[in-house]
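One chain, chain A, appears in both complexes that follow, with chain B as partner in the first and chain C in the second.
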Partner chain A sequence: MGRSFGTAEFLFLLRAIPSTLLLSIGALAGGGIVGLLIAILRITPSRPLRWLATGYIGLFQGTPVLMQLFVTYYGLAVLFKIQVDAWPAVLLAFSLYSGAFLGEIWRGSIEAIPRAQWEAAECLSLSFPKQLWYVILPQAGRISIPPTVGFAVQLIKNTSIAAIIGFVELTRAGQLMTNATFEPMIVYPIVAALYFILCWLLSLLAQTLERRIDAALGIKQNF
Partner chain B sequence: MNYIFQFNVVWDHLPELLQGALLTIQLSATAMVLGLCVAVVCAYGKSAGPRPVRWLVAAYIELIRNTPFLVQIFIFYFSLPVIGIRLTANTAALVAMTVNLGAYASEIVRAGIEAIPHGQVEAARALGLKRLHIFRFIIIFPALKTVYPALASQFILLMLSSSVVSTISAVELTAITNSLASTTFRSFEFYFVATGLYLAMALGFRAGLSAIYWAVFQHGRAA
Partner chain C sequence: MPLLALNRISKRFGAHQALQEVSLAVESGEVVAIIGRSGSGKSTLLRCINGLERPDGGTIEFDGEAFEPTPRRLKALRREIGIVFQSYNLFPHLCVERNITLGPTSAKGMKLAAARELARKVLRMVDLEDKIAAFPQQLSGGQQQRVAIARALAMEPRLVLFDEITAALDPELIGEVVRVLDELARDGMTMVLVTHEMGFARRSADTIVFMHQGRIWEKGPPAKLFGAPATAELASFIDAILSVDPSARRRVG
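After this line comes the complex of A and B, so read on.
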């Protein structure tokens, strides 16, 4: 008989949660930088730059994350002629992926700012970067918090895909424990429950933030 | 960098890749139809059903939306046999995709139902229509029309995330690419081309879904 699923196995799963969270946070940070760049490129007056950003978004929203992961993983290996470590490849792929989605979310937030704000900033003879930095982004940032947290939930779930290329996070830990104990009916539901707790807490946070921001902006809730 | 790209190997294996793409399309299209049916039933249950049904549907939606698709697939393929439900890889993939899409789409459909002006429902009730008839003849058609763009995006996300079912040996595009990449040692080239195929399929589905929208909602109907 092999191992059975006990406390040690459960702790092994718990110990994989930091990897999942760290990857999510890292991707969110990397994706934040890419996303901000993409969002700004999408609204610049220059047409080629806008096309570039649109192309980027189309590419990353039109292909599976798994494929992006494979291409980055083997692409880095080809570039540097060595088998790369999983961390940089996974982090890069998820950052580029998040960048496309965050870029679209934040562009929406920027475009939700009334035109008059831009015009007023222009009347003060602020340059385009200054209009963005001092007038538009502070307001757009506030609107964008709820959808950004919503995307973070998606991201946490999608990091499970990194398990496929052997990156040890929660799902991969689940696979390892299933292989050790032959008890998929216990292990996978527990893995699912752990994800559920992570995502559900974040969703609750998003709802609270949304309500608080609506209250702060004086927007009435019409259920 | 002295890696020499050899795309002719990929070219030789193109028929196999296309075969895989065909299964991806079949799985996705079937899951879209079935998932939409699940979504409509759940949306009806959640907005008009008795309280226990409402709770049940809400639990289903939250459970699916807060756990990763990969873990859901593992549960359908690896965990269910323990309690005697043995599914083939393709069936498990299809079931997982349908269940997953059903949860996401039912929230979208419900948003459409809630957007129907209340006066319409009251008017239908005044005409003596039964609840199910009101849903069937008054609510669902305009509701689906309103949320069609969101549904179409969800469908395409589903097609893209179907790449993950390669992990349970359903031989769709990603699985074929994996096996070709590991037998020819041309990983980067194969994943690059497969990514291109996914992009093409995403564009194709987008065009197809727009055509369906036109045929179902616009044809012969002056708003």
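After this line comes the complex of A and C, so read on.
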């Protein structure tokens, strides 16, 4: 006997949003740390370190995120000889994946800062890490907001892949409700709308942030 | 003993020989203006002095000590030698005050309060104390360049290099920057400038260096070089400048 799609079912979907959000935020935080490291390794004078970072990016950009998820999930199980909880596996997989993409986005942002800014900092006797920290990264951070948010939006949608290994987030909740109600044409459009709202709010937030930064720096709104 | 001594400095970019065994000594308190056509090696020479370019040959001595381009040595050298660039190169994400205090606080370990005090002092020297809280984009080109000069002075350098610092400015903004240069020269700052401001060179420089094809072609006091150029190259260079800017004739004399 199926049940019909009502308020309780809708609330069940809503209650899955925190999982999707937490996974996205966690993966962005983890991926942010990995990504910053990768971006810096990509611009260091040391050739082996640059190769290491390039290899990492190639590996994670060149394989499907689903395969990365499987390898992490089953890999952890094999490594620790136990059935792993979905949470750590999913979080680890999405962090490693995000790290590769964020690393490449941020490297591009760092390289977009004119060479003259490095020179000016160098001529004030700043060490390489201080040149990076005080002069280059803040400027690179500003120009990296749009592509970073673009990636974050992709990530929120891609976390739906975690449903495949049974991690209950928005998409998995939709599958469960479809199985209970046999109403896929009600459930899935609602799930899609919920994703849309999340991504749209994030884009709005980013635009506000950009405007605030530009206003604080006295930059006119013309780009 | 000169403060700065360049001995037979050479620098090659691919097939182009930018500098050919250039030797130059700068005494403490001396103002040296380097003039010459574009591509004559002026800026390359300036950039070799503070290690932004590494010479292929020759030696550089600062304060009697030979200069080795290790990171540690370069870092120490840049506390002594400041530079101001043609395109200002202020940090656009930092306010004027922070642009100035960044070097003293993070490279020389100065306390922030002392550095802010210093920022006020150097801004007063370039007459921009009221712009201490502004961001670079809110300033005119001339004001930005004066902040860049203040930033270099805040490191309390013993020598300041100026790389065509008025070349990117609108004509009406050049005066305010040149006035600051005149004052610094009068106060006894040791300066090496690459410049097209012949008026300034005539007025404030102790020595004019004319570069041509990567060599020092002529060198001497302004009256001698401008009044009686010894080579056809310098004479034609002076003529070329006067034909572009006839008003300079009066200033060059």
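Note that the second predicted complex is superposed on the first by the 202 of 223 C-alpha atoms of A that agree within 3 Å, B and C clash if a C-alpha of one lies under 4 Å from a C-alpha of the other, contacts with A are read in each partner's own complex, and residues count from 1 in each chain.
In the analysis below, a residue touches a chain if its C-beta (ideal position, glycine included) is under 8 Å from a C-beta of that chain, and two chains touch if they have at least 3 such contacts.
Note that this is a predicted model, so its numbers are computed, not measured.
After superposition onto chain A, the partners chain B and chain C occupy separate space and fit alongside each other.
Judged by the touch definition given at the top, the superposed model places A:A116 against chain C, while chain B stays out of reach. When the two complexes are overlaid on their common chain A, residue A:S127 makes contact with chain C while staying clear of chain B. Using the contact criterion defined above for the overlaid structures, shared-chain residue A:I164 touches chain B, although it does not reach chain C.
Number of chain A residues touched is higher for B, counting chain B against chain C. Judged by the touch definition given at the top, the superposed model places A:L66 against chain B, while chain C stays out of reach. Once the two complexes are laid over each other on the shared chain, residue contacts for A:R50 go to neither chain B nor chain C. Of the two partner chains, chain C is the only one touched by A:V135; chain B is not.
Of all Cα pairs linking chain B with chain C in the superposition, the shortest spans 28 Å. Shared contact residues on chain A (touching chain B in one structure, chain C in the other): none found.
Chain contact summary for the complex, chain C toward chain A: residues 50, 52, 71, 75-76, 78-79, 82-83, 85, 87, 89-93, 102-103, 106-108, 134-135, 137-138, 151, 155.
Those residues of chain A that touch chain B in the shared complex are 58-59, 61-68, 70-71, 74-75, 77-79, 81, 153, 157-158, 160-161, 163-164, 171, 174-175, 178, 183-185, 188-189, 191-192, 195-196, 199-200, 203. Those residues of chain B lying in contact with chain A across their complex are 1-3, 62-63, 65-72, 74-75, 78-79, 82-83, 156, 160-164, 166-167, 174, 177, 181, 187-188, 191-192, 194-195, 198-199, 202-203.
On chain A, the positions that touch chain C within their shared complex are 116-117, 119-128, 130, 134-135, 138-139, 142, 216-219.
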